[in-house]
Amino acid sequence: MNTRKFRDVIGTKLMLIATLFASIIFFLILILLLFKSSLVLQTESITEILFSSTWNPDRGQFGLASVIIGTMIITGIALLIAIPISLLSAIYIVEYAPKRIRKIIRPFIDVLAGVPSVVYGLCAFLFLVPLVKDFIAPFFGAQSTGLCIFTASITLAIMVFPIIISLCIESFDAIPIVLKEASLSVGATKWETIKKVVMRASAPSVIAAILLGFGRAFGETIAINMVVGGITRVPTSLFSPGETLASLIASKYGELMSIPLHESALMLVALILFVVVFLFNILGVLVLRRAKKRWNY
Amino acid sequence: METYQIETKNLNVYYQVHNVLNNIDIKIPAKQLTAIIGPSGCGKTTLLKSFNRLLEINEEVKISGQILVDGKNILDYKGHEIPDIRKKMGLISQKPYPLPMSIYENVAYGLRIHSKKNKEELEKKIEYCLKEVGLWEEVKNRLNDPATRLSVGQQQRLCLARAIAVEPEVLLCDEPTSALDPIASQQIEKLLLKLKKDYTVVLVTHTLRQAKRVADYVIFLYFGEVVEQGPAGEFFNNPQDPRTRAYIQGDIS
Amino acid sequence: MELLNKRIIEEKLFKVLMILSLCIVLGSLFIIFGIVIFNGASSISLEMITQTPKEGEVLGGGILNAIIGSIYLALPATGIAFLISMMIALYLQRDFTPSWFSNFIRFTLDVLWGIPSIIYGIFCLMIMIYLGVGSSLLAGIIALTLLEIPIITRSMDEAIKMVPIGLKEVSYSLGSTKFETAMKVLRRQAFPGILAGVLLGLGRGIGDAASILFTSGFSNRIPSSIFDSTAALPTMIFNLYSLPSGQPKAYAAAFILLIIVLTISVASRLLTRRFKKHVIK
């Protein structure tokens, strides 16, 4: 057989291998995590791990409740802040901003998305932490080192902005102008048209954006680790330190790598993280795909 | 002496640098059906959309001149008065665009915005509008279905119902039958003939025959300029301008 | 008119809120840049970027080890990821696979895209330990490659999807095989998008700390073999940010990192625009 055909066959086979490789990675990771966490699951039951709030590996206590609560609070607050701000920004950029301003703003959003987590963490550490310690916490009558839930939430919110904004912009752009015209011709104001027609039509995409934002927030490790305080106790106030699942892995890995049981516990944390983020992402991707199919005017 | 609901004086519309509409002086009589005819791409839709100030949502459009509606120049109106003008003018587009809601909600949309009606009044009004466009019998049992499930012809009638729900005075129709099959087109034409008793209808069409069937008054637009305008009888039987004659005979299209 | 006024007021209120939100978003960006540039500029010196730390000490000297380390990690990783992603992205075209398969793969890639990078790091570390290698440059490269593949593939896929089908048909009707068409026609036509994707992956790879935290270890020296541990800019920042004596290095590293990210972003935009000229519409 001639060389061209040969190249075609080999080339195609290589492509197939590469593709299969990519699809298997997910399962390999899952299997590895399951395998490695099995050790700790043999010594403690899953319910105890999830619901006990004492994390003291040296004494064999691997209660993750406080960390889970910390994660949920921080992620929750971060998204509570990020969603309205991102939505409003996206609406403004698409519907109200003059073309010139719009052209300038888009790149800024992209740059914001490209800033590495460490840099976010560093800036939060240098700017937010003292701010919280010296002004914000005392304003609310609390004492704080600045390394706390509040700081972590704000940092996370800022990191999530670009994701939600970009997805929303894409979705709003896809709405046919004629639909907006139809609403305007009945005498609706621009804002009413946005509220009732644009938002309604892009609702699935917005939900998908939020889900993906959740996934991102949940899995953020580095920036949170730098400002959350690293204390594995249930946080008593917004201004007390705490810990999240992802950050815990980063904090404790070095210390605990030597002891198999401890390492296994951390692997379990990684597994939980992996599964939760996966669920959020899968939901988000599914909703997004359905949304893209729907609006075929 | 006819009353003219809409008049334009020296209307010029520019899109970027192109002079899309050039010194338009026209009069549209009240409570009659005026057809705006002319070859495709000559500015008919632009003219129509200038009446309800929908043109300006595009930043690159510039308008000068006067558009008088009931004697007042609507180009003078400021931003917050514009929704009111639009309410006065109902717009039906070429391709029906039902809003992404149920049939009921589509018609209710304008009503909810402009007036506080309780549920009973709302339902009565919606039934009335759907009856006016001849859609009631076909949809009365599935008012909560998404509007996108209707056929194209039904969707167009729904858009009409949606438009008349807010009690406009003028109906601007931009080639409303071009996306429809012959039967649906006929229905729409019959509907327009009925509606012109209560509303001033401005119909953009590029089918000469349609204009002949329904128009009381005709305006001929050619490459952004008004060539001739007048009552339908005179227009078709005794055209003054050679270009009008050529168009009517089908030499230019 | 009453009702109209209420509606107008509502619109004005929300307009204010919208602009406020946008200011918050853009303001954050400016604050970040401000902090990094302000602190970084004062810490950057010729010594900082051309020297490695002195033997046995983490502090003192410069951050050359981190700079070179980052380059040694990110470039090979991006290179390998590019090759693999290219193959995957081309393979996903309708000509090679049935759509159920390519949809499944695309879905998998979308999911992989969202996995926290620390998971990739742990995964790689485990494998490397099992293979007896431990934390090293090699481990870091592999972790970054895995991280970048979904990102780059996705961008490429989007770019290739937009190639007009007529172009492919022309190639086939001239007798090309599928593979040749893919390599010669699709690649060229989609080049701007492909380039943008690669740069995106590179940017992510060079800035990511979590995946290389445990896999690449830490070192004062510039790595001399792929089995050495190595420092990198993100991990340097992470390790030194809270030590007052380490902070100048952290700032300098952050400064360099931000400049790199910015350069990549600008370059991506410029190059895409430039190459789009050669692309057939």
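Think of it as A, B and C in the order they're written, each chain with its own count starting at 1.
The rule is simple: a contact is a pair of C-beta atoms (placed from the backbone, for glycine too) under 8 Å apart; a residue touches a chain by one contact, two chains touch by 3 or more.
All figures in this text were calculated on a predicted structure; none of them were measured in a lab.
Chain centres defined as mean CA positions place A nearest to the mean of all protein CA atoms.
Of all the chains, the one whose CA centre sits at the greatest distance from that of chain A is B. Per-chain CA centroids place chain A at a distance of 49 Å from chain B.
The distance from the centre of chain B to the centre of chain C, with each centre set as the mean of the Cα atoms, comes to 52 Å.
Each chain gets a centre from the mean of its Cα atoms; for chain A and chain C, those two points are 17 Å apart. Within chain B, residues 80, 83-84, 113-114 each touch two or more of the remaining chains. Counting partners per residue, chain C has 7-8 as the residues that reach two or more other chains. Residue positions of chain A with contacts to 2 or more other chains are 189, 192. Within the complex formed with chain A, the chain C residues making contact are 7-8, 10-11, 14-15, 17-22, 24-26, 28-29, 31-32, 35-36, 39, 84, 87-88, 90-92, 96, 104-105, 107-120, 122-123, 126-127, 146, 149-150, 153, 177-180, 182-183, 200, 203-204, 206-210, 213-214, 234, 237-238, 241-242, 250-251, 254, 257-258, 261-262, 264-265, 269. The residues of chain A lying in touch with chain B in their complex are 98-99, 176-189, 192, 196-197, 200-201, 297.
Across the interface of their complex, chain A is touched by residues 52, 54, 57, 59, 80, 83-91, 93, 95, 97-101, 109-110, 113-114, 159, 162-163, 165-166 of chain B.
Of all residues in chain A, those touching chain C in their complex are 4-5, 7-8, 11-12, 14-16, 18-19, 21-23, 25-26, 28-29, 32-33, 36, 84-86, 88-89, 91-93, 96, 105, 107-112, 114-123, 125-127, 158, 161, 165, 189-192, 212, 215-216, 218-222, 225-226, 246, 249-250, 253-254, 257, 267, 270, 273-274, 277-278, 280-282, 284-285.
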